[in-house]
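Next up: the structures, one after another.
Below, chain A partners chain B and then partners chain C, in two separate complexes.
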Partner chain A sequence: MNMTIAWITARGLLGRRRSWLLLPMPVILIGLTAVGIAFDAPTIDLADGVLVGLGVATVLPLVSLIVGTGVLGSEIDDGTVVHILTKPIPRSRIILAKLAVASVVSAVATGVPMFVAGTMVDGTRLGLGLALACVAGAIAYSALFLALSVVTRRPVLVGLLYVVIWEGLVSNLVAGTRTISVQHYVIQFAAELSGTTLFGTTVSTGVAAVMAVLITAVGTWLATQRLRSFSVAGETS
Partner chain B sequence: MEHRKPRTKGSPVSDLDLRGVSRWYGNVVAVNDVTMTLGPGVTGLLGPNGAGKTTLLHMMAGFLAPSRGQVLIDGDATWRNPAIYRKLGLVNERESVYGFLSGKEFVRASAKLHGLPDADAATRRAIELVEMTDAQDRRMDTYSKGMRQRMRVAAALVHDPAVLLLDEPFNGMDPRQRMHMMDLLHRLGAQGRTVLFSSHILEEVEQVSGTVQVIVAGRLAASGDYRTIRRLMTHRPHVFAIRSSDDRRLAVALMASDSVAGVTLGKDGLTVHAGDYGTFTRALPRIALDEGVRVRQLIPSDESLESVFAYLVSA
Partner chain C sequence: MSEQSVIHDIGYQRYTGPRLGRGYAARSLFEHGLRVAFGLGRSAKAKIFPWIVIGLVMALAVVVVAVKAQSGEMILTYQELPGAASVVVMVFLAVVAPELVSRDLRNQTLPLYFSRPIRRSDYALAKLAAMATAVWLLMAAPQAVMFLGSAFTADGASGVGAEARGMLGGWVVATCYTLVFSSLALLIASIASRRAFAAGAIVVVFMVTTPVVALMDELGKGGTASQIAALFSPLTLPEGVREWLYGTSSTDVGPFGPVYGLVMLLLVAGCASLLVLRYRKVSL
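Showing the complex of A and B:
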């Protein structure tokens, strides 16, 4: 962890126009919850449709994707990453700083609205459970998307494919694939922490915890390895 | 000799060593078996666009693995070795900076990332060196191209590196900024740093460095003192295309001149091979006048930089 890199990353991330995309999603989440409550929608529908369907399955991964690919991917795109790489700093510290910023920003941007929406639907305990689960989810997603931004030149596209095709489609059709779906870990954590029966998944808490830690660790390790062998794009001029 | 002067202060002198370095991308060879040693002083890396200069600089800076051979700074490989950045500063061609930072914040961030004990003093010193103190508090996205370039040099110099690499540092600069940058490179070289800058413009290299490495099509074509290489360039045979009122008559007269090595008479006029540029261009008007021939067109047909480089390769 390097504070100078974290500082530059945070300033770059929050100053970028793309970051404004972070704002509407939490607002829509809280807004839809309020509309549902105003029209007396059943609690179970609000929990399953809005909190899980919109919050956990859409807002959390999308926010994490924008932030996770933004902390390093955009610096690679515009070439500013060279300023950080031409320093005698272990690459692991660069990655840890990037991961910390991405995790904190994503966790705040999703945890707070999920706490508000969850509390509105079924009290503080649900809100708190959802918020904490989102923090864990934000960390795992950030490590995954951070790794993608050094592994592929199209991290946003590959990340979207993972979220939409794998988590959105495959893991809902084939139960076995849920063990490698961050979305299902978050659902399980939220259910376990809040003690709710409004939603749930087939992945056990133990498996979800181990897999979340594993994805974070592997993502961080992979990103560090790739950054160690970072090559500037092959120009011949 | 200026380029072997020891450093006056700071870290000891460093040598940059390339041993049989090649780099290829699939079937395309970008750099082909380059061996060179660079010592203190300013060296120009000269070559036409696409010659492999940037690839070579990236390998020197540890941003590209050589496909074959070794790139070493004081015996340590540059690839996958972040520790070399204690001795190395890089100003690459892409002029990307963190536009949201002020120049001072940018240089100070560099100083802190290098772990310098007194980052503020180092920042002040580096900014003074590039004479940007007055503009240091402005955001970098308000800078002109030349100002940005100077701040990037300040950031690359903040840790007082023994080796400084610059990729096309004069690109897009106006004449005043160019002169300022040239003066700065001179001073850095005189301090005993190993400074290497790439350029595809002969005059830039002529004005800044005494030593050049000429790279053409990925190969090291010539290497050494600039004046020697320049002499090779001016004394090479030149080709001119000439159209006149009487091509045949002019051809006969030209063949009698010492300055001409050969003449070809074609449909579109004459192609003249001259031994020396100056002698021929002085002799032609006199010959034409004597013969009563009117010269309608005189075009040096091989003046492109590429042909100069091509000549050097064959020399």
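Showing the complex of A and C:
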């Protein structure tokens, strides 16, 4: 962890116009929940359709994808990563600083609206459970996408394939693949923490916890290893 | 010319041949755009993502043909294919649209294009045409594969004729999807100069609107709100148009069929005009 790098990363991430891209998603999440409650939608539909369908399955992975690939990927893209790499700072600290910033930004950008929306739907306990589960999910996703941005030159597209094809299509059809799907860990954490029966999944809490920690650890380790032998090159043709 | 002033005469001449004008330049841009969409003439790395997507959609068509050959049952009709593949097609948009427009913005090649005899609107429309053709091919080619597979198992000429009509209907539906998807995606991508952010923005716009439709459908309980729900997401709008045109979709549009057609036309026209406007104002 290096505060200077963390600070530079946070400024590069939030100090630009494109950080506004993150704002509409939480607003739509809360707005849709409010509209649903105003029109007396059944709680189970709101929980399953909006909180899980929109919040956990769409907003959380997309926010984490944009932030997680943005912290390191954009520096690699425009070549300024060289300035950090030539400083006498261990690569593991660079990765940890980037991971911390990505996790905090994604966790705040998804946890807060999820808390608000969850509280509106079924009380504070559901809100807290969803928010904490989203924080855990944001950390796991950030580690995953941070590793992607060092492993491949097109991290956003690979991340999209994972989120849309693997988590969106495959894991809903083939239940066995849910053990490697961060989305289902988050659903399970939220269900366990809030004790709700409104939604659930087939992954057990133990497996989800172990896999989430494993994905975070492997992602961080892989990113550090790849950054140690990183070759600077231009955009892919 | 006096003798001492001559240094060299290396034979410079004016070009006196035919000049290929604006149409040729726009056509070249379209052709290049179409090749870029599929990564043709580029490195293997540029081919990975488009061809993964093409492989997935083709696999869907092949499964349909295989099931039909074995059991005679069509698990997915021609018209259902674009809807079933729509999420995968969305990934294709996120791959191709930034490739077509964001690179030119980022590498600042626009001044080079605009110093040629094309107008700014030509550039925008040529890119849009290339994008639309690529997306249409992505959906129409698997339908053609389904047709070929079914035609060989069909009984007699009338069976083949019915399959051909089915495929043409499927192509019309594919055209609806193409128009909505490509105009919207290209407009979004033309605002972002970074490919990664353009791809992210496209997926955000397409995916965040889907739960809105589901909730409205739920709240409307089959009433007016349910029937106009599908208008609010680009992923479901073409399905509503299909219901209006053919009445074969599971989307209930009630009496609002023409509204779907109108909204689709307005959306496509609006996105195309905004795209042209964007390039009129673009900073070089």
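One rule holds in what follows: the second predicted complex is superposed on the first by the 233 of 237 C-alpha atoms of A that agree within 3 Å, B and C clash if a C-alpha of one lies under 4 Å from a C-alpha of the other, contacts with A are read in each partner's own complex, and residues count from 1 in each chain.
Methods note: a contact is a pair of C-beta atoms (placed from the backbone, for glycine too) under 8 Å apart; a residue touches a chain by one contact, two chains touch by 3 or more.
Please read these numbers as outputs of a predicted model, since none were measured by experiment.
In the superposition on chain A, no contact is made by A:Val27 with either chain B or chain C. In the superposition on chain A, A:Ser74 makes contact with chain C only, not with chain B. Here chain B and chain C are compared by how many residues of chain A each touches, and C touches more. Of the two partner chains, chain B is the only one touched by A:Arg91; chain C is not.
Touch criterion met: A:Leu161 reaches chain C, while chain B stays clear of it.
In the superposed model, A:Ser231 makes contact with chain B only, not with chain C. Contact with chain B, but none with chain C, is seen for A:Ile5 once the two complexes are overlaid on the shared chain. Within the superposed three-chain model, A:Val210 lies out of touch with both chain B and chain C [touch as defined at top].
In the overlay built on the shared chain, the residue A:Ile44 is in contact with neither chain B nor chain C.
When both complexes are aligned on chain A by C-alpha atoms, chain A residues 236-237 touch chain B in the first and chain C in the second. Across the complex, chain B is touched by residues 2, 4-5, 7-8, 11-12, 15, 78-80, 82-91, 228-232, 234-237 of chain A. For chain B in complex with chain A, the residues that touch the partner chain are 25, 28, 30, 49-55, 58, 61, 63-65, 80, 82-86, 88-90, 92, 94, 96-98, 100-101, 106, 109-110, 112-115, 155-156. Chain A contributes residues 18, 21, 24-25, 28, 32, 35-36, 39, 41, 45-46, 49-50, 53-54, 58-59, 62, 65-66, 69-70, 73-74, 77, 153-157, 160-161, 164-165, 168-169, 236-237 to its touches with chain C in the complex. Chain C contributes residues 42-43, 45-46, 49, 52, 56, 87-88, 90-91, 94-95, 192, 194-197, 199-201, 203-204, 207-208, 210-212, 214-215, 218-219 to its touches with chain A in the complex.
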